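Naming follows writing order (A, B, C and D), and every chain is counted from residue 1.
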Amino acid sequence: MDTRQVKNVGVIGYSGNPKETPVKEIAELCLKLGEELGKRYNVFTGGRDGVMELVSKGVKSVGGFCVGVLPWEGEDSNEYNDVVIKTGLDFQMRSFILVKSVDAVISVGGEIGTAIEILAAYANKKPVILLRGTGGWTDRIADVLIDGKYLDNRKLVEVYQAMSVEDVVEILERIAK
Amino acid sequence: MDTRQVKNVGVIGYSGNPKETPVKEIAELCLKLGEELGKRYNVFTGGRDGVMELVSKGVKSVGGFCVGVLPWEGEDSNEYNDVVIKTGLDFQMRSFILVKSVDAVISVGGEIGTAIEILAAYANKKPVILLRGTGGWTDRIADVLIDGKYLDNRKLVEVYQAMSVEDVVEILERIAK
Amino acid sequence: MDTRQVKNVGVIGYSGNPKETPVKEIAELCLKLGEELGKRYNVFTGGRDGVMELVSKGVKSVGGFCVGVLPWEGEDSNEYNDVVIKTGLDFQMRSFILVKSVDAVISVGGEIGTAIEILAAYANKKPVILLRGTGGWTDRIADVLIDGKYLDNRKLVEVYQAMSVEDVVEILERIAK
Amino acid sequence: MDTRQVKNVGVIGYSGNPKETPVKEIAELCLKLGEELGKRYNVFTGGRDGVMELVSKGVKSVGGFCVGVLPWEGEDSNEYNDVVIKTGLDFQMRSFILVKSVDAVISVGGEIGTAIEILAAYANKKPVILLRGTGGWTDRIADVLIDGKYLDNRKLVEVYQAMSVEDVVEILERIAK
């Protein structure tokens, strides 16, 4: 296992209205994830709606700290960001700034933008923790891991699989050891 | 089938020394792909070595036209580029400019950078043609297609599978119809 | 006068060793600027050495909050940044993210990178306060202002001139009114 | 004098309707500039209207070759571009890709975007030729040159002043020697 200092953690996942499918099914899980991360780390997200908003709400409920790395001029920042970075870049290009700025990335469900973020994290040698059972690319990418933990033959960094929020916390602690 | 004007085609795939594995196994195929594309389209690549260099060599052997969209200051441009775009961006961020600038993308083998380009093309609604049998992410991504042709539930654009260079040409003609 | 909410303030200026000319001549001024800004606003800088480091040191000495928006992978972050954004972009391109993310920009001395940041702020409609007497482009740009306060004929936003740190604070308060 | 291979030349300047002030006053000059450059070099512009469009029209009238480096998704490409690069970046950030991709830059009039491009070229060590008498930042920047030819104390590269299109051609030939 790869070990490193972990201070800043990124969370990626579904965008969209938190009260509609598919985000509403995992709303409780996202809030809880935010609470547990918010007690321990600075939390970076893409700063918008969906998983980003719910996790950030959880972070703030425990007095944690949120950084939102937003596309364009930051117009659609959610209300939980302590710092808003307005990248001027489109949805996908801005994701590279998000993953570069953190020590590890947690993935929750997600469509194509999330898939790009998972791969971007790996290409930038940031450990990725897949929160299994959340659907979308978080579950789909698990099917194509090489040796169960790499995203290409260069084996740049490990991809981890967590079955619960407790698992996520434990894996982050192991990475940081 | 999605139809559109096709004038500029991007090719993505393995980087690395063209005389070493895994690129040398598909060297002939890349040259042939370059020849067939070079007779019909402007060919855009990432401008460097590996598949990019071999395809571009094929393009120039038939008098075609190559655009290389390079990372950083373009230091590692291959010798076949007619136009070199120096993006100042890293390997992955520059890939978004490549896929945005073309009408369709052909994928040949490839590690994590290629995986990001496949997803970037799809996210930018550019049809992707997987040249099957070339290994790496080109074959791996085929295992996670939704309904055999989409990369997420939004079904933004089709992903095609070609078994040969002839197939690639035929699919491009169908897309352009 | 243009009025707006001011919560996040950017400071731009000379990079380089804070103990060498030209930065050492304005070291006291930078510390004081940091202190006054740190009591009132979140302070964003380019996160590196020179004016950025001295101002950030001043901000932290009063318990303020610093965000560093760094080029590349953030390798040369100074020790005063609470949040480090690693943009993956070169020195100049990353400056656009800095100016987009703040409500106003204060300029102190500076070579070509600072000149680009002054213009970038104006192009993004962010008020710029020139701290006069600090040399470099901060003083030089004052000579080409249109009607004493604009940087082009579109008159996108005002450029202000401050003669002291007190002046800077007062102008920021006027802008925020 | 700095000498280098010159094959790709960038032209920057006023955007806007070519039939309206201020572009219409310099329309003939732009066409002529395009013709002379088009006989000798590949011409790169920002790909849009104004000076970009008129120069490109001149380039094509003599059978030359134009590359347009466009913001966003390239929607507002003029009709004279042989190659269109869609950068996904905003107006100013995309300018850095334009200046990095050429060997020298010629400036014609221009508002804030042109000013940023002049400074971006200099910061990237690309010689800049100011076509004097065309107004805007092309004339304004001449007033703040250090030793009549530099844009900061680092003296990264020379800024030249041309009084006519013939002068521009001659300076380019001297640079390329």
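Rule of thumb we're sticking to: a residue touches a chain if its C-beta (ideal position, glycine included) is under 8 Å from a C-beta of that chain, and two chains touch if they have at least 3 such contacts.
Source: prediction; values computed, not measured.
K.L.:
List every chain that touches both chain A and chain B.
P.N.:
Intersection of chain A and chain B contact lists gives C, D.
K.L.:
Please identify the chain with the largest separation between its CA centroid and the CA centroid of chain A.
P.N.:
D
K.L.:
Starting from the mean Cα coordinates of chain A and chain C, work out the distance between those two points in Å.
P.N.:
Distance between chain centres, rounded to whole Å: 31 Å.
K.L.:
Round to the nearest whole Å and give the separation of the Cα centres of chain C and chain D.
P.N.:
Distance between chain centres: 29 Å.
K.L.:
Determine the centre-to-centre distance between chain A and chain D, using the mean Cα coordinates as centres, and give it in whole Å.
P.N.:
About 42 Å separates the centre of chain A from that of chain D.
K.L.:
If you look at chain B, which of its residues touch at least two other chains?
P.N.:
In chain B, 88, 90, 93, 96 touch at least two other chains.
K.L.:
Could you tell me which shape the graph of touching chains takes: line, ring, star, complete or other?
P.N.:
Graph shape, chains as nodes and touching pairs as edges: complete.
K.L.:
With touch defined as at the start, can you tell me which chain A residues reach chain C in the complex?
P.N.:
Counting only chain A, the residues touching chain C are 42, 67, 69, 73-74, 83-88, 96-97, 100-101.
K.L.:
Mind pulling up the chain A residues that touch chain D in the complex?
P.N.:
Interface residues on chain A, with respect to chain D: 88-90, 93.
K.L.:
With touch defined as at the start, can you tell me which chain D residues reach chain C in the complex?
P.N.:
For chain D paired with chain C, touching residues are 90-93, 96, 111-113, 115-116, 119-120, 122-124, 136-137, 140-141, 143-144, 151-154, 156.
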